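Encoded as structure tokens, the structure appears first; notes follow it.
The letters A, B, C, D, E, F, G and H name the chains in turn, as written, and every chain counts its residues from 1.
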Amino acid sequence: MERELLMTGIGGQGVQLAAQLLAKAATRSGRYAQLFGSYGGMMRGGNTDATLIIGQEPVQAPPMVGSAWSALVMHHEFAVPTLDRLRAGSILVLNTAVVTRELLPPVPDGVRTAAIPASELAIELGSPAAATMVALGAYAAVTRILAIAELVETLPEALPSYRRQHVASNERALHAGADAAAGYGVLEAAWPAEVRAQA
Amino acid sequence: MERELLMTGIGGQGVQLAAQLLAKAATRSGRYAQLFGSYGGMMRGGNTDATLIIGQEPVQAPPMVGSAWSALVMHHEFAVPTLDRLRAGSILVLNTAVVTRELLPPVPDGVRTAAIPASELAIELGSPAAATMVALGAYAAVTRILAIAELVETLPEALPSYRRQHVASNERALHAGADAAAGYGVLEAAWPAEVRAQA
Amino acid sequence: MSADTPGRVLTRGTLVIDVEACKGCELCIDACPPRVLVMTDTATNSRGYRYPELFAGCIACQACTAICPDFVFQVYRYDEPVELEASLETSADDGA
Amino acid sequence: MSADTPGRVLTRGTLVIDVEACKGCELCIDACPPRVLVMTDTATNSRGYRYPELFAGCIACQACTAICPDFVFQVYRYDEPVELEASLETSADDGA
Amino acid sequence: MSTDASPASPRRMLPILPTDAPPERASRLIHDFTPDLIEVGAHHLCPGCGEPIAMRSILEAVAEADAIARAIAVFGIGCYTAFSNNLDCEVLQALHGRAPSLATGVKRARPDLLVFTVQGDGDMVNEGLQEVVHAAARGEQVTCFMLNNGVFGETGGHMTATTVLGQRTKNTLDGRDAEAHGYPILMSNLLAGLEGVAYVARGAVNSHVNVNRTKKMIQRALQVQQQRLGFSFVEILTMCPTGWFIETTEAPDYLADKHAAVHAMGVLKDAAVTGGPGAA
Amino acid sequence: MSTDASPASPRRMLPILPTDAPPERASRLIHDFTPDLIEVGAHHLCPGCGEPIAMRSILEAVAEADAIARAIAVFGIGCYTAFSNNLDCEVLQALHGRAPSLATGVKRARPDLLVFTVQGDGDMVNEGLQEVVHAAARGEQVTCFMLNNGVFGETGGHMTATTVLGQRTKNTLDGRDAEAHGYPILMSNLLAGLEGVAYVARGAVNSHVNVNRTKKMIQRALQVQQQRLGFSFVEILTMCPTGWFIETTEAPDYLADKHAAVHAMGVLKDAAVTGGPGAA
Amino acid sequence: MGPEMQLMEGSEAISGALVAAGVRFFAGYPMTPFTEVLEHMARRLPAVGGVCMNAESELEAVGMAWGAAATGAIAATGSTGQGLSLMQESLSEITLARLPLVVINMARAQGDYWQSTRGGGHGDYRHLVLAPADVTEAVALASDAVDMTLRWRNPVQLFGDYFLAHTYQSVELPPMRELPPRPEWALTGESGGTGQAKLVSSLGSTKQREGVGYDLSEHYAGGVANTEAMLAGEPPRIETLWCDDADVVVVAFGTPARFIRDAVRKLRESGERVGFARPITLVPFPSKAIAEAAEGCRAVAVYENNQGQMVDDVRLAVLGRAPVTFIGGLSMDSSGFGIAPDLEVGLLADRIAEVLAASGERGAA
Amino acid sequence: MGPEMQLMEGSEAISGALVAAGVRFFAGYPMTPFTEVLEHMARRLPAVGGVCMNAESELEAVGMAWGAAATGAIAATGSTGQGLSLMQESLSEITLARLPLVVINMARAQGDYWQSTRGGGHGDYRHLVLAPADVTEAVALASDAVDMTLRWRNPVQLFGDYFLAHTYQSVELPPMRELPPRPEWALTGESGGTGQAKLVSSLGSTKQREGVGYDLSEHYAGGVANTEAMLAGEPPRIETLWCDDADVVVVAFGTPARFIRDAVRKLRESGERVGFARPITLVPFPSKAIAEAAEGCRAVAVYENNQGQMVDDVRLAVLGRAPVTFIGGLSMDSSGFGIAPDLEVGLLADRIAEVLAASGERGAA
């Protein structure tokens, strides 16, 4: 079973770091992750996207997929190709602090959305750059892709050495996201029960 | 009709110059020549060979042939592959001043030989380097491949500019060779009568 | 050269600043001899970059435009210098 | 150094010349300080090259072997110099 | 564009002058946004990059020499390549390192044209060292401009053959160490020693004073070419805050203190002074 | 072998000494035919060629440094390549121009070995200029020997990047002309200016005095390498009568009057004197 | 799966695998998407006593690797597109000199298939070419590349792309291997003065005996024999899926093959009889396996991210037994890095469906 | 035949023909057997106001030719083996930049067939490749090469060898042609400052419009279209003899084909039904004509002076309709120049006879 997560945002939102964290945490948990990130150069405000696939067996899917189980949209500017790949039943975590209703490009029918004002929560936490961490916390909560604890444990390894002092703030961001998503419950569990038990 | 002439000698005997002269004269006479020379570097005493083909139409034969209508052997040292390519009826002009009976490698049966002490005659003429010119004169005489006059006319063009002063001595060498071969008559005329008339 | 009236500063020229072209590198800030260029505090252009603003006292020396990697400036020289209201900060050496 | 007996020349060493290896370039001829090396007139080795021959008066200086491109020489130094019969030519400066 | 007028900042109190339109007061435009020959002003080079500054000076000099309609620029490969399809001046794009040979072909085929290359240190001193040295020794009547930032900016800030000792780059993690990575090549000094070379100068764009000084070098180099005095060369030290892993505002001083301390600025050779190639 | 004793020649009268066997008189062999490390003495280089002389000196120096069993020679491509399969010293054959990079790989993999290249002017200054300059700047602990005859001997005597002005070669039929073909590169001078370089000297083999002087340069260069002082380089001017289209006997003077007049002999740099690379 | 599993991008995983397999010398020059291989090598090699050279250019990189390889060090180099083109002269001669070398070809798209498989240099030579489709396979093939290059004394290429270099996957690096003993042909200096001094040369390693010069013909004949033995002795590898009853078999290699596999899987799921074949070794090409996979099918479709190169090898394998249709195309990627934005599973499935439609059903005349 | 006929070696004749056809810029670096082309160019070009550069290396030679070509001068360069390998990066990019260029490839033997016909550089590109068998044909093809390279704005190679370079033949050089007008894409400096300044680049010649960067995909698509048009538009050429009733057709190219032709003629004379086919254009390969020539024969034999490269193209042409046997082999020439001492008409005839014997007679099952 492979679970696809598409992430899209703009430079400075921390999309790649969050993607790395989830992929590393999944690997630590004994799952197989595959992550392909792309970003438009070093310019601020450029697009930043990631295709993350987590499976219980070595990943078979290609680095970029045409259809995804879930998405995490931090910004609307380059979001169209991501939203286009969602299908009925896909899970969408939306950073509503930036992507307001008016700015949101069309979303396929049947997509289940968790609206999380991630950027706002991050600013409130004093870590505006941790916006995607907040959204990731929410994503983990509504999908049970991994436990928040598993993400937190992986933080020290995922952060570049010169950013290790940010472990605590990122931890807070993950929890804040999970808390913000509490109202959605589990939209769809990523893994069948027996697998979750195993992990 | 194509007539093959293989030439072999050692550095310093003037083999390549004689080959060039015949090829150029043939071209001037409206025939088609093809000449491929090979020599073993700049060392004195190295081999020097040439495959010359003259035809009335553009030459079809490859640059080096397996079987030849005639040969001109100035030295025995590297002569075996040349003699091997002669067949019954082939014409051989042999520089007997160097290639004595004892030194001569086996010659196929039926080869018609004109024995010309070319090197000796050249020394007598005071032009030891013109040995192959003498042999070429003899060759022209016994094959009528071209008239001696045609060779003589081409001399100025064939000699490199810094050797133009040698026209006269080379002319003498050609005649001396033809004279020396007089006793053999025409062993075989290179071209059918009508062709000769045309030229 | 000409002594400034206190509280006012002799101004020989001015700029047009193509704010949208700016990438916020601040090279112009240090380059400006009278230090009349100052970065916005938090205001940014649409790409998210802060950009310079001009105070009185420009001497039209073209230093800012010489060093700006993003071709942000037009420099104009006044036909006649004028005195404009200045601030303490901009005339002080440690400027903005 | 030691004055030569007239008609004889002090000789400090000698050569072995690998005549077959020689390519007749004559570099040794000019290199030899006492000019005791001379090319054959017409004699050649089997490849057709003339080669050097040695007269009395070698000083075992190794100049010939230093410059010979074809490694033709062995140089021997006599334990004791000897006087050998010389020729006018070889002791003269314009030598052979 | 969001305008912020937070009253917390004292600076906001100052009289900011309007700069969104030409002044109404009588005045003269003395320097425009973009040099005439750069067709699209906006480029995607990094904030604080020195290369656009150098590029601008080169183009201004070509325009001022009134040579726009008889010039061909040959571009190398590096970040500056962003300008190769962005100029209103004819451009031939070369492969990485090969521009001087292409420029040679252009100039020999069209000796009447003004031919110059735009290359970086990676392009010229690494990949294409041989080409430029040969062109210089040949006394080729072309001008080569080298934007020297001591790194391959384009690939992310790796060491080049001009990186100074001790400089940290992406693949000299502990700083360039002579034992492991050797010494920098001082390109201007190397070329100045060649007989075919008529003009060599090293400038920089880390201050407006240096920008102006360098502009004069560029002008002189083009002049030397037009007078057919021999090969001309201007090396321009440029900031690369991205590849140097420092703030944009630190880059000009870093250039002066590190890079220019080794690659010293100045005119190293001028045929007019020494009497032309061959006179040295 | 035909011995001629024509009575017409007065020289035949002179007492020619026997030289076909070692002397019977008590004596000591002080110089043998072929240096120990040249396995097959005979080679097919032209009469009067300077390259075998240089080759001999290099090998003698290696032997005298007692480094035979820990040396690797890296050969370029030129007439001297005839020696690459002819030595009792380990040899790595490089492509035309690439020897310094191969030598770098060898030395970095085996820093304990003595590594040197044997290249010609065509190989080093034409095809492989970049490789040697980079290796030198890197302060690579190898020695490069360059046999400089100012032509591609191997291809028949064409102009190289060291051919002096006015020299007639196969493709500069009217002599090398600066306008058309540029100026020669003075390789030793170029390298001496690089910081990583510890030793540079230019010798020649056109007289036994120069052969001996050059031998000392070679010895010193190898010493410099063994002391890990930096890159070392000896350029050796060699005769190429074939490529120069002159008599063998004229070649030594031609070298002195033409080639060495431009490529001047001498020690250009010695780290022991100047204090090692980096001290300059 | 295990505690040693780590998330790594392809470049890092390949570097790690090479070092684990014994590579101790690397030289390279940055170029996207090869750059990170160089960076990871620069980090990993010094730690194990190896050497990584920041060569001044690709020409010099391959030369340095050549020199190191001649001493018996296990050496590697690599580049991308233009850089590999520059190395062709040396790659050709290193092969003639019978030296082992691992070449990491992080290609931009797949336009260099011919260069890699035919040899872009001069003369007759072949490199073994391994084309992993993902990071896990790249790790395995990197180890194999080291084994193969030592076994045959012939360069071996790992043919990857931007995706392979930059995709992160959970992988387990193999443990560090003990270095094999230095091969007897390697230069060490020690044979000098013995009368048997070694020679490593593309012209042969036999010293001059009689006469002058190398024994070129002997050397060339040896090279030919080695190439033949290598091509015959190294088993071709391929991944095939669902070919037994396929109407159409689709052939693709490298990362693009994963997109094709996905497209084929999709078509299978919707009931189409489509098969999938992915050559893992491009040299030797799995011709027999492809011919078998194509046995009885109505058409073979070939996808490559180029104008059609491997399609020749597929045609040579199938040799007229089924029509071979090219469904690939040049990467129109505006970054120039060949990340192939046209690699869309849906689009690929459509192209395959077209071939299916045109070819009719298996067994039907 | 006429008074203008002169005896010339191939190198000189090719040089003369190129200059007559309009080549005005040449740059090269000596290497046997290409050297004489350079020498003759150095003699002939200045006389007609052209330029011949003694480039310091092959890399620089091809760069100089590139620069000259960009100004609209008809340019040529060339080399041999190693030298051509060094040029691959540039040859690839010159093609992408859509510049005309004539490349004289005086190969050592025929081991560089793949390099020439597939392109040894990076990416998808093809050069037209013309392989004359003798000097007369070389003269004609040299003129055609100039026409073709101007017609397609794509490099064209003349693939010769030691024999072609060094064989003297009686030939007539074509008269000097008038130079064509400078093409509109050529750089002249003049468009500078007009707002439409020209750009010549392998990344495209469209200037930056919206956004940043070249329009790579447009440029690549244009290149693909040009390559396809060229390959379809340039008629393949071939010489065929005695194929109609042949039991075995022998395919060979270049000078070696003349030895094969002689061998085939000999076999015909002794009553054997052997045919001969010689591709004159290697790109485009005369596949259709080969397939036709092979129609009904029992076997196709391919001779090349290499380990077997063109044999792939023959197999692709015949596509299983007849067995294809390789009867060539690597040149074992000890000079290294590939003059192929194994090219013996008798020996070749024997090899062909073997294929004949093994294949049985035409029409017999």
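The criterion applied here is as follows: contacts are C-beta pairs under 8 Å (C-beta built on N, C-alpha and C of every residue); 3 or more make two chains touch, one makes a residue touch a chain.
Remember, predicted model here, so these are calculated numbers, not experimental data.
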Contact-graph separation of chain C and chain F, given in steps at minimum: 2
B-H compared against F-H, more contacting pairs: B-H
Rounded Å distance between chain B and chain G, as computed from the means of their C-alpha atoms: 56
Chain centre separation (chain C, chain H; CA means) in Å: 64
Intercentroid distance (Cα basis), chain H paired with chain E, Å: 41
Numbers and ranges of chain C residues touching at least 2 other chains: 49
Multi-chain contact sites of chain B, meaning residues that touch two or more partners: 43
Chain G residues counted as touching two or more neighbouring chains: 56-57, 82, 89, 93, 203, 213-214
Chain A to chain G touching residues, read off their complex: 20, 23-24, 26-27, 30-38, 58-67
Chain F-touching residues of chain G, taken from the complex the two chains share: 24-25, 27, 51, 53, 55-57, 59-71, 73, 75, 89-90, 93, 97, 187-195, 197-204, 206-208, 212-214
Chain H contact footprint on chain E (complex, rising order): 36-37, 39-40, 42-44, 63, 68-72, 74, 82, 84-95, 98, 100-110, 113-114, 130-131, 134
Residues of chain H that touch chain B when the two form their complex: 1, 5-7, 134-136, 163, 166-170, 255, 258-259, 261-262, 339, 343-346
Contact footprint of chain G on chain H as seen in their complex: 81-82, 84-86, 88-89, 92-93, 107-108, 111-112, 114-115, 118-124, 203, 213, 215-217, 220-221, 224, 227, 306-307, 309, 312, 315-316, 319-321, 330-336
